[in-house]
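Once you scroll down, you'll see the structures, which are given as structure tokens.
Each of the next two complexes has subunit A plus one other chain: subunit B in the first, subunit C in the second.
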Partner chain A sequence: MIWAGYLTVGMIFVYCWNLVSETTIWMFVWDAHNQAVDLGERMVPPKWDYMSKLWWPIWDTLNIATLGTVLALIMAVPVAFFAARNTTPSTVILRPIALFIIVASRSINSLIWALMLVTILGPGVFAGIIAIGLRSIGFCAKLLYEAIEEIDEQQVEAIRATGASGPQILVYGVVPQILPAFAGISVFRWDINIRESTVLGLVGAGGIGLQLNASITNLAWTQVSLILLVIIATVVLSEWVSAKVRHAII
Partner chain B sequence: MLRLQNLKKQYKTGDLALKGVDLEVPDGQIMALIGPSGAGKSTLIRCINRLVEPTGGKVFLNELELSNLGAGALRRARRRMGMIFQEYALVERLSVMENVLSGRLGYVGFWRSYLRKYPQSDVDEAFRLLGRVGLDHMVDKRADELSGGQRQRVGICRALAQDPELLLVDEPTASLDPKTSRQIMRLICELCKERKLSAIINIHDVMLAQMFAERIVGLKLGEIVYDGPPDGLTSDVLTEIYGEEDWEATIRKVDEDENGESEGEADGHLAPILDRDRMAGAT
Partner chain C sequence: MTGIAYTPGRRWKKPPLITSPLLRWSLGLGIAVYLALALGTTEIDWGRVAEGIPRGLRFITGFFPPDFVTRWDEIFQGISESLWMTVISTVVGIALSIPIGLGAARNLAPRPVYYFCRAVLAVSRSFQEIIIAIFCVKLFGFGPFAGFVTLSFATIGFYGKLLAEDIEDMDPVQAEAVRATGAGWFQWLNYAVQPQVLPRMIGLGLYRLDINFRESAVVGIVGAGGIGATLNTAFDRYEFESAAAILLIIIAIVMAVEYTSSFVRKWVQ
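== the complex of A and B ==
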């Protein structure tokens, strides 16, 4: 029985190998290490004086990430309250809609959002911001609504018992309990969005990706290496900031 | 005066928690509601302020029928009923002061409460209440920094900040140690006397109930099986409420205890508890 299993797996492996090998130009693969070394040689030294042209795109990238995150949070908060079982005003209509928004936003990659939005809005930073925003709604709303569902209902009950109105119950009973989660989610998503917004330029949605794309098409490898270094530095910086902030709140 | 008429509650699962309870609590009376777990004590007090919707019967606070009020009127009626909870139910991440002031939520509008702009008289009253329970040095602490007894005192202040005429108290001592339990019960009863409030206190500690309440109601499986003075709780009555058990030690201890109580506070407390444990082990 087990041997039959191994045999099947083996056969599938051979079959797939065959398929891959037919569609691969092996000449290129045998040559890969030379190419890599060659590319590496052409990338050093990075063209440092190109930096003067990168400040503005990197600033754009940061703005896309930050404004996109803010946009996403503004939209995610109501969605989360509609999606959470204990705060939704209607289980039959609003909750499924909210859950659908979450799934839709999460299942489409930000690059694809950007592609579509560039066609609609034209290329530029604005399309990037909207793409990041739409992509992040799902993530933020999902984590937030899970936090809302995990709150201590007794505290809510106690506020309700004082004769507080619906909005007051929300502000006094629910919000203080989810505030740390909300802050954590925001910073975490901002950090992810910095990384995502560096590639948005590849499809024309602004930021440093635009420069990256241009340099690759021009085969200006010393510029490419500098851009990659800048991206790494930015991501490291954003991770450091988000770690600091999360420590401060939690 | 609070009046329950044939109050019924059936949960969606089909469990009949209250089977038509009739009860009257005159103004200023402290009534203890005892009974085994699952007897419907919590359901009963939650049906009064409709945190749980009753499925039948009527509830009157003075002449106002609570059981058919609309949302707005219900909120106004809830202001008159302060509630104290087993696990304190303070909003953990808010300060002591904010927790006490949340008792005023029914009286102030949304934006005032959101911006924490309570009327000065509310703030003064909150300080006075916190002073009364001995927590005036802790106003700016966050609720989750306090000990159990301190939290429950904040819970009491929140309930009293509502300026209620009735206190609904749900197992106030279940999460507290024996000494703190007594202090909290004493505090609740003193404050009720000072302000002439009536109170319904759910409690599963029979001794504490006998010690502090003027009247005891025993609930069993959603029905009242005893309604009378504390010293009417005989062995037979307790058997009727809780089932077969050796009750003599419990009853006798209470008498001794009350004598000890007037002399001094800290000493007599652990003895009955130990006795009860020993008794539980022996039977």
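== the complex of A and C ==
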């Protein structure tokens, strides 16, 4: 049984590999190491003076990630309550709609969202914020509704027994139980969004990606390497912050 | 009645999430200041936004009805290209991430190896697939091969990190027991470590398959093959009906993969 599994995976792999190699120009691939060395030589040393022009885009990138996360959380909360089996007002209509929103938002990458939003809203930070927001609804709502479904029903029952109304049950019975999960999810998503917002500029939606794109098209590789270093630093820092906060919460 | 002292004027209050009041208030204040600054410095051209809304509506109506037929050949080719890319990059990426993940586990690897592997993981995780894709297209030329390298590289970061964390969290007692039988290093890995991490890793592998498929839809935008290229062309030609069809197909495939993987995960655990 296990060997049959391995065999099928192996066969699929070989088949797919053949398909890919048919469409590949191998000459370019064998040439890649020369290209890599060449590129590497052109990228060092990073052009440190360029840093003075990068502070503003970094601030924009942070704003896109943070405001986008806030926006996503605001929209994700109702969706999550509609999607959770134990809090949804109607399983027939609202729950499937909420689940569809979650899947749709998750399956379309933020870059594609940004591509569409730049056409609608014009290039700039605002399109980036909305793109990050729309993209994150699915992730936040999914984790949140799973948290809601896992709550302890007894506490809800206890609140209900005091004669609380529907909204009161939510506020006093459900919300305190999911609040830590909510905080954890938001910080986690914020961390992911920092990483995503670094590339939104490639399609014109603001942030440091704009500088990256400009530097690549100008073949200013020393600037590119500096930007890449800045991105690594930002991401590592945000990951550290998010890990610390989540550690403090849980 | 005399036994119970009645204290007037004290109502029950909800206990706050953060117990220290100083931390709570300073955190709140910090958030308020940040929001004011961020919103103040973000330039939003409301005129342009207002202008964009009718345009957006036209854009959305342009999506209907989704047109699967006219560009079907391109769509089909793009989707199948994305699917192969996804499969081989997931397999290769996971195969490569196993040694790196082992090296990045604090309880297995010697210090220098540990730091080296962690650095590899950090680099791979910091960059978006798109940035890696730009470089891969430059190095390997246009086409799915660049996409394959990109996705494999991204898979290493994701899978290697989770594998390393899982190994660090494993039960040391079982590992010790196997080691006490005089097992060699590979035997030890095979009988003590692998059984503990395998079920979760299978689930994560399927999850990564799902992510890789979604990412393969965007690496095409910079020329790395797959459905993204088709999607980008559709947008460039203003063929929004075809674009809508592509987006719907992506959503459907993601949903199918997600259902299958949740089923497999239940079956594995």
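Following the convention adopted for this analysis, the second predicted complex is superposed on the first by the 223 of 250 C-alpha atoms of A that agree within 3 Å, B and C clash if a C-alpha of one lies under 4 Å from a C-alpha of the other, contacts with A are read in each partner's own complex, and residues count from 1 in each chain.
We adopt the following convention: a contact is a pair of C-beta atoms (placed from the backbone, for glycine too) under 8 Å apart; a residue touches a chain by one contact, two chains touch by 3 or more.
Keep in mind that this is a model prediction, so the values were computed, not measured.
Shared-chain residue A:G173: touches subunit B; no touch with subunit C. Once chain A of one complex is fitted onto chain A of the other, the partner contacts of A:N218 are absent, as it touches neither subunit B nor subunit C. Using the contact criterion defined above for the overlaid structures, shared-chain residue A:N86 touches neither subunit B nor subunit C, since it reaches no partner.
Touch criterion not met for A:T8: it reaches neither subunit B nor subunit C.
In the superposition on chain A, contact is made by A:T162 with subunit B only, not with subunit C. Of the two partner chains placed by superposition, only subunit C is touched by A:G124; subunit B is not. Taking subunit A as the reference, the larger set of touched residues comes from C, when subunit B and subunit C are compared. Judged by the touch definition given at the top, the superposed model places A:Q154 against subunit B, while subunit C stays out of reach. Overlap of the subunit B and subunit C interfaces on subunit A comprises residues 172, 176, 179-180. In the complex of the two chains, the subunit C residues touching subunit A come out as 14, 17, 34-35, 38-39, 41-45, 48-49, 51-53, 55-56, 59, 80-81, 83-85, 87-88, 91, 122-123, 125-128, 130-131, 134-135, 138-141, 143-145, 148, 214-215, 217-218, 221-222, 225, 231, 235, 247, 250-251, 254-255, 258.
Put simply, subunit B touches subunit A in their complex at residues 49, 51, 75-79, 81-83, 85, 87, 89-94, 98, 102-107, 110, 113-114, 155, 158, 162, 168.
Listing the residues of subunit A that touch subunit C in their complex gives 9, 12-13, 16-17, 19-21, 23-25, 28-29, 32, 35-36, 39, 59-60, 62-63, 66-67, 70, 103-104, 106-109, 111-112, 115-116, 119-122, 124-126, 129, 172, 176, 179-180, 183, 195-196, 198-199, 202-203, 212, 216, 228, 231-232, 235-236. Interface residues of subunit A, counted against subunit B in their complex, comprise 152, 154-155, 157-165, 167-168, 171-173, 176-177, 179-180.
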